[in-house]
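Encoded as structure tokens, the structure appears first; notes follow it.
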Amino acid sequence: MCGIFGVTNNSDASRLCYLGLFALQHRGQESAGIVSLNEGALQVEKGRGLVSEVFSEKNFSALQGKQAIGHVRYSTAGGALDANIQPLYARVAGETIALAHNGNIVNADSLRQTLEQSGAIFQGTADTEILLHLLARSRKNQFVDRLVDALIPLEGAVTLVVLTKTEMHAYVDPCGYRPLVIGKLRGEGEEFSWIFASETSALDLVGADFVRDVNPGELVSVDLVSQRLRSTALPMQSHQSNTGEESRCVFEHIYFARPDSTLWGQNASLVRQELGQELARCHPAPADLVIAIPDSGTPLAMGYSQASGIPFATGLIRNHYVGRTFIEPTQTVRNFRVRLKLNPVKEIVRGKRLVVVDDSIVRGTTSRKIIELLREAGAAQVHMRIGSPPVKFPCFYGIDTPKRKELIAQKMSLVEMCDALHADSLGFLPQEALVRVVEKHGFNGTRNQGKKGFCMSCFDGTYQDSGAQILGNPEGVPT
Amino acid sequence: MCGIFGVTNNSDASRLCYLGLFALQHRGQESAGIVSLNEGALQVEKGRGLVSEVFSEKNFSALQGKQAIGHVRYSTAGGALDANIQPLYARVAGETIALAHNGNIVNADSLRQTLEQSGAIFQGTADTEILLHLLARSRKNQFVDRLVDALIPLEGAVTLVVLTKTEMHAYVDPCGYRPLVIGKLRGEGEEFSWIFASETSALDLVGADFVRDVNPGELVSVDLVSQRLRSTALPMQSHQSNTGEESRCVFEHIYFARPDSTLWGQNASLVRQELGQELARCHPAPADLVIAIPDSGTPLAMGYSQASGIPFATGLIRNHYVGRTFIEPTQTVRNFRVRLKLNPVKEIVRGKRLVVVDDSIVRGTTSRKIIELLREAGAAQVHMRIGSPPVKFPCFYGIDTPKRKELIAQKMSLVEMCDALHADSLGFLPQEALVRVVEKHGFNGTRNQGKKGFCMSCFDGTYQDSGAQILGNPEGVPT
Amino acid sequence: MCGIFGVTNNSDASRLCYLGLFALQHRGQESAGIVSLNEGALQVEKGRGLVSEVFSEKNFSALQGKQAIGHVRYSTAGGALDANIQPLYARVAGETIALAHNGNIVNADSLRQTLEQSGAIFQGTADTEILLHLLARSRKNQFVDRLVDALIPLEGAVTLVVLTKTEMHAYVDPCGYRPLVIGKLRGEGEEFSWIFASETSALDLVGADFVRDVNPGELVSVDLVSQRLRSTALPMQSHQSNTGEESRCVFEHIYFARPDSTLWGQNASLVRQELGQELARCHPAPADLVIAIPDSGTPLAMGYSQASGIPFATGLIRNHYVGRTFIEPTQTVRNFRVRLKLNPVKEIVRGKRLVVVDDSIVRGTTSRKIIELLREAGAAQVHMRIGSPPVKFPCFYGIDTPKRKELIAQKMSLVEMCDALHADSLGFLPQEALVRVVEKHGFNGTRNQGKKGFCMSCFDGTYQDSGAQILGNPEGVPT
Amino acid sequence: MCGIFGVTNNSDASRLCYLGLFALQHRGQESAGIVSLNEGALQVEKGRGLVSEVFSEKNFSALQGKQAIGHVRYSTAGGALDANIQPLYARVAGETIALAHNGNIVNADSLRQTLEQSGAIFQGTADTEILLHLLARSRKNQFVDRLVDALIPLEGAVTLVVLTKTEMHAYVDPCGYRPLVIGKLRGEGEEFSWIFASETSALDLVGADFVRDVNPGELVSVDLVSQRLRSTALPMQSHQSNTGEESRCVFEHIYFARPDSTLWGQNASLVRQELGQELARCHPAPADLVIAIPDSGTPLAMGYSQASGIPFATGLIRNHYVGRTFIEPTQTVRNFRVRLKLNPVKEIVRGKRLVVVDDSIVRGTTSRKIIELLREAGAAQVHMRIGSPPVKFPCFYGIDTPKRKELIAQKMSLVEMCDALHADSLGFLPQEALVRVVEKHGFNGTRNQGKKGFCMSCFDGTYQDSGAQILGNPEGVPT
């Protein structure tokens, strides 16, 4: 999970990039970076931390020029290395280029090994560096052709914005794991800028209009002089990642995307509300109040309330001041970490039978603590309802899930889980119901006939590509 | 508006203080400070910024000891001076004491003048320093008597926690403008700590039980050796601030306090919901959806929805990453500052007749911009509903309101305001309805017979004390 | 030991103040502060650290105005408190003033006690606050008269620059412990600025001309409108600190002042060279080379070389990058702390009989380690020569000397010291020789007939005032 | 100019590395970095600024392990890029290695072009990256063989320390431009560590013994298990940089190295003193005093004084607090930048005929300002004497000299220069005299028969290799 952004032909390019990244901050808080193109040279500013921490006014005097791309990075294991902070930039075949990547290349290990054998050196641990080496090894003359050459061998989630001296490119892999939208920002007279962004909420903040999604398997290129936008379809037959299916990450809808973003033609907030309604139909509960685990559970809980007729209430208050580091008391305050973020409203929950709605359960530890807090605050019953199916398999497409054996749903039956969480009842949204909702309106408004549209591998273990199949099954035993 | 916190008899005192201040962060983001008492000496750490920015692990090695008090400070005009960051500490009559104050002394100017004439020097601009000088000038021997002497001449909002070498004191002025609660944190065996905090949510975070409010005009003192808690009623007949009325700040309920806090016996969240219900009854609207201006408008909007039967929806999404400084685009992005915080969900508001609920309108500029954003996002109609009466008069009791002439409700009639905001209709909660809700359950559970309970001076200009009357009427013309 | 600076009538006032403090940085590295007077209001910026660390460009936008004073503070025990960072500023009798003090008030304890009994409160631990309270208590109308009232009761070293809305004052106590010079900076046409500075090297950096010293017991006042400079002699008969003797700190010449400063009419560098020559005459040594402990021993060593004819060489190299904190190896590197600063040049010292010249010996630990390093580097003999008499008594006039019992010369005879330092011989400059050199040219060029000119209390224990006598003799036994 | 350091087999490795870099700080203040080898993995900490600014205690918990190398970097044009901060580290042929380089590869452009054509990507602008690519392209199996392969094509100054999982390597190019010494640090019992350092002063600080220089064209390798040290002579016939001549940078002796360092068998301080003596013989002057431009001119001036019999005095005082950024006065203070660093001692220079000794003149601007300051301070005559020949040609071996046309000696005759500097006379040390002194004792104690030992290209334009010849003569016209 990361956020990417690009803007062309705007004298405010790096500042707009900053705003775009700010709007995408929920997609990555570990590091942020912007590269601008000024008089043929790339200028780079990046660092660890939030967008507002990394950038101050002085950075923008070093980010001149009318074209810029940016990146916010999610915290992952290999993350500490400064060499991994994106956008990456490098001289490739005599030209300096910059590149911002959201996703995960699942056949990275074998590609890296092959490249190293042919003399490639790697300065960081991010899989994005593989792409730079593939670019450098293409024999094509045109950059766009080199880029196609480099993209074809990649399996997994690859959503990119690339900046060269003459063009900006945006790409989504054939499975379409991660969203990437095209926007247009009108300037004076006939002037306009193209915007590429992970989510539409970034278009909103900079005042740009949504044009369309970048399609799965599509490479969109903007000529930085003419501003002409050109679409290249990748040769699917040779593409390593082509499975014949599209495979959008369903968790973008359930959890990741901002509720005000429109994902593949549907508003995330409305989808979540409908998922909550489905959840109410599938798993009713004898309760007095529906409450959410904020913020992600809120639209789900509202939907549950609407469909069930049980009133919604704000039973848990979230503290938004929580920062990165925190001083802990040396003496035990029970459930301290959860309390820092969430506090029950005693007067609301006391004596009530509660439906508590959350988006998902991964390890189960936080859910158990929240239920404990609610019971201490006087809740009579706690009926846990989850807006997605049980997560039983790790994700290899950019989401930082724990290993398979740490997933509570992998280890326990529904009854055991309910017991472990100390819930009075527990219900997950069935996968069919989830599919029904997210595929209801098709993608981009039109139904993709006969095509599977979403990746559900974390629920059912069905990975699209051989790379993920190998990662998901290290012991060689069928999952 | 500030937050104060105190804890006795706990080897984790300064860390608990840090947590308490963290839970009270919404009451002040400008500066934070903690003073602990270690082996008879006060230790101080304070600075500008959020609690999580001011304190790191190393500060706590300089904050030893089992007693501590803390303060978070709201941004006000005189705020830039480091000498104003609280807790204040000083040597008074041979003893060093520390003091955290929430409120505003309305007769500060005349007191300061008198003190200066008798040789007092002032190192900062905070009115709290006056109290130190009055303490130093008392001829009494016992500290508690000196404190009473010093408190009697003060008019206005004075909520205090004071730490000396032998006692911790907590005080609320006779009008009771600001809340202050007593909590008890159980330790091992018979051990326990007293907690004083501006709001109950701070008790929740440290795991303490709510005991009771500090009453208006009450001075509560804890002997740091015996842990005995003693209550002293101030001599009301001589108290400068004694008006015979209690005068709790009604905006604590409407806006300031955290929704999970219990204020004077009532939960803020439930009060807000009821205010929303009253608002719906007083000002119905022909609409499809009720939306809130988050976060403070949310419980009001839910109440409105409940009473009106119009469905509630999350039509505006708030970005919680907004920090102190922000890079602006040099080119105009319309309504940029509002967009940074709030983004409409187009798919929800498009084509809808909206009831938009907010807690109050001060200058009206932000409301106008939000209505504009909603119309751009496709809203068919915008019916603005406000959970409080029009704010026509400045507050002198600790809230940073603009001058009278900048208050939109002072300058315009209801019709003019509706027009200026570009709303289809505009309705404020009538003052009688507000009084009805907040005084419904009495204070602390029991009705204070025949006594007015809340300050409504910002609505009706009726200030309790001569100091505020002078401030509120500088030209000598009746308000 | 501190450095103070003031400048009038200059649109660059705070920047010149910054430069002045930078030139005085050797007098105090703990904290730095500047107060400027802008349109009748004092503006303050201060912090812990070096001048270059405390101030950046942004501070100067908050330090407008044409008058400014500044202060650099030496590290002393009570130093950690932010409330002690100078200049101090306070509202006194309705007017805000700022004050920078270099020195030490030796009767601070009794004054503080008296003031507290009459209701004064103290916010820091610096003795300078006493002066603010005395100012506030004067019944005089004119500020200059109040200032005289406040200065009279003070014993000890009091060198001041004071800024009010209408005047800048500079003062040196009747003993004249610390230097303070007046300079004039020419501007366009008839325009000029007055400068006050602890040392002439600060005048040099800002390009000002030296005018004269502020004399012992003199209060110099500049009218900020007319720029007229007025001198007030304090009423000596009533002055608490008037001993009939002048008492300049001789260590300013030996060690503190920059070598390029002119102190009381004599250049520090030349005085040190002459002290070295005297030292050679009093304590010759059978040696091949004279080396210095840099930087303060260098002019002394050069003088020794000139008078003795033994060649001077740079046998120890000082590393100037040493900062405040330092990572130490966990395993022992012998004499690590000394090595960080000083490294012998083996090729120079190997096989040589060395005269090693330093300015003084306090505890003796560093000297012993340096001798050890030199012997390891191959020195055949080490003859230690010290450019001042043995330090046997603590200083109460602003120098941070250790307690009496830690002074090696208090505990040991000359023979014992030589032994303890592992030196081949040891010689201190006799007090008569020191007096001869420093009083040779009189002060300010003219001999003060029959008056003792320098304080030698650290050598002979003869303190000028009762305050220091009490401090120096806590057990009531004659020293 | 940079400083490099390596240490093996020491549980304090990274801390010793820190100390070593601290002792080499004068060789580079722009950035600092350390890489340690911990349980087979490289750990990296680096950043912009001084060693003491980049590293704090917390960095060392991320620098575990018994082997470490470090680097301090000189400020150069391409320096701003974080990707250039050394040590560089990269995965090469399946193994992660780290590398610290001091020097400059003069055929970098052509090598980079060739590498890019074969698919290499470059992430920074430092020429050191070329070496990583050459390593990756070698077909040899053993790392040491790959390293030899990679070093052979490099022209120019290449002094390296390389850390792999199993070995530490140290290398000096066949010309031997930059110094690199081997030290041994004894531990408990039979334990010891090998140290590699740019200068012997770094050995002194960590308490290690000097063993010998790494010789020109020698690759020294330490097996990290056995601690066995192995020397490999590079195949000279195929080495690109082999000119048959050795070519040590003479400016290491004149200016760069610390005075306490022993360079190629001779102490820098003594060499400088002898250069000063030669200078006095070649260019006597009718003067009263010899003064130095500190710190680098000091040993030269002392030598001048010794040979001429004219007394040496400290006529200019250097302020060592000068940091990176500085607040300038907005109004003009004449020669402000020079004054910040240097202040004349008026009482010493007034009325005197001065010999002023400096190490070199590059642009001449600073020299002119210093002469101006001295004349303002009252100097009667200023005879400028320079301890090296006129610098007429740029350096391509790691020193940041300006372009040819900015060198004053390139543009002007001796008479013109003297006039431009406002000096009474001007004398440079003749090249023959310089050669005589620096080659006097041979290198490492033994005379290298018939071999030229030092690079004098900045004086005579005779570059050793074709790469520098091309750079030095861009227009194709003979220099």
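Order as written gives the chain letters A, B, C and D; numbering starts at 1 within each chain.
To be clear about the criterion, a residue touches a chain if its C-beta (ideal position, glycine included) is under 8 Å from a C-beta of that chain, and two chains touch if they have at least 3 such contacts.
What you see is a predicted model; the values in this text were computed from it and never measured.
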Most remote chain, CA-based centroid, reference being subunit D: B
Intercentroid distance (Cα basis), subunit D paired with subunit A, Å: 49
Subunit A-subunit B separation of Cα centroids, rounded to whole Å: 38
Separation of mean Cα positions, subunit D and subunit C [Å, integer]: 38
Centre distance in Å when subunit A and subunit C are each reduced to the mean of their C-alpha atoms: 62
Pairs of chains found to touch, sorted by chain label: A-B, A-D, B-C, C-D
Footprint of subunit C on subunit D - complex, ascending: 10-12, 15-16, 18-19, 22-23, 25-26, 50-53, 55-57, 60, 187, 201, 204-207, 258-260, 262, 266-267, 269-270, 298-299, 302, 306, 311-314, 317, 319-323, 325-331, 333-334, 339-340, 343-348
Residue ranges of subunit A in contact with subunit D within the complex: 44, 46, 81-83, 88-94, 112-113, 116-123, 132-133, 135-137
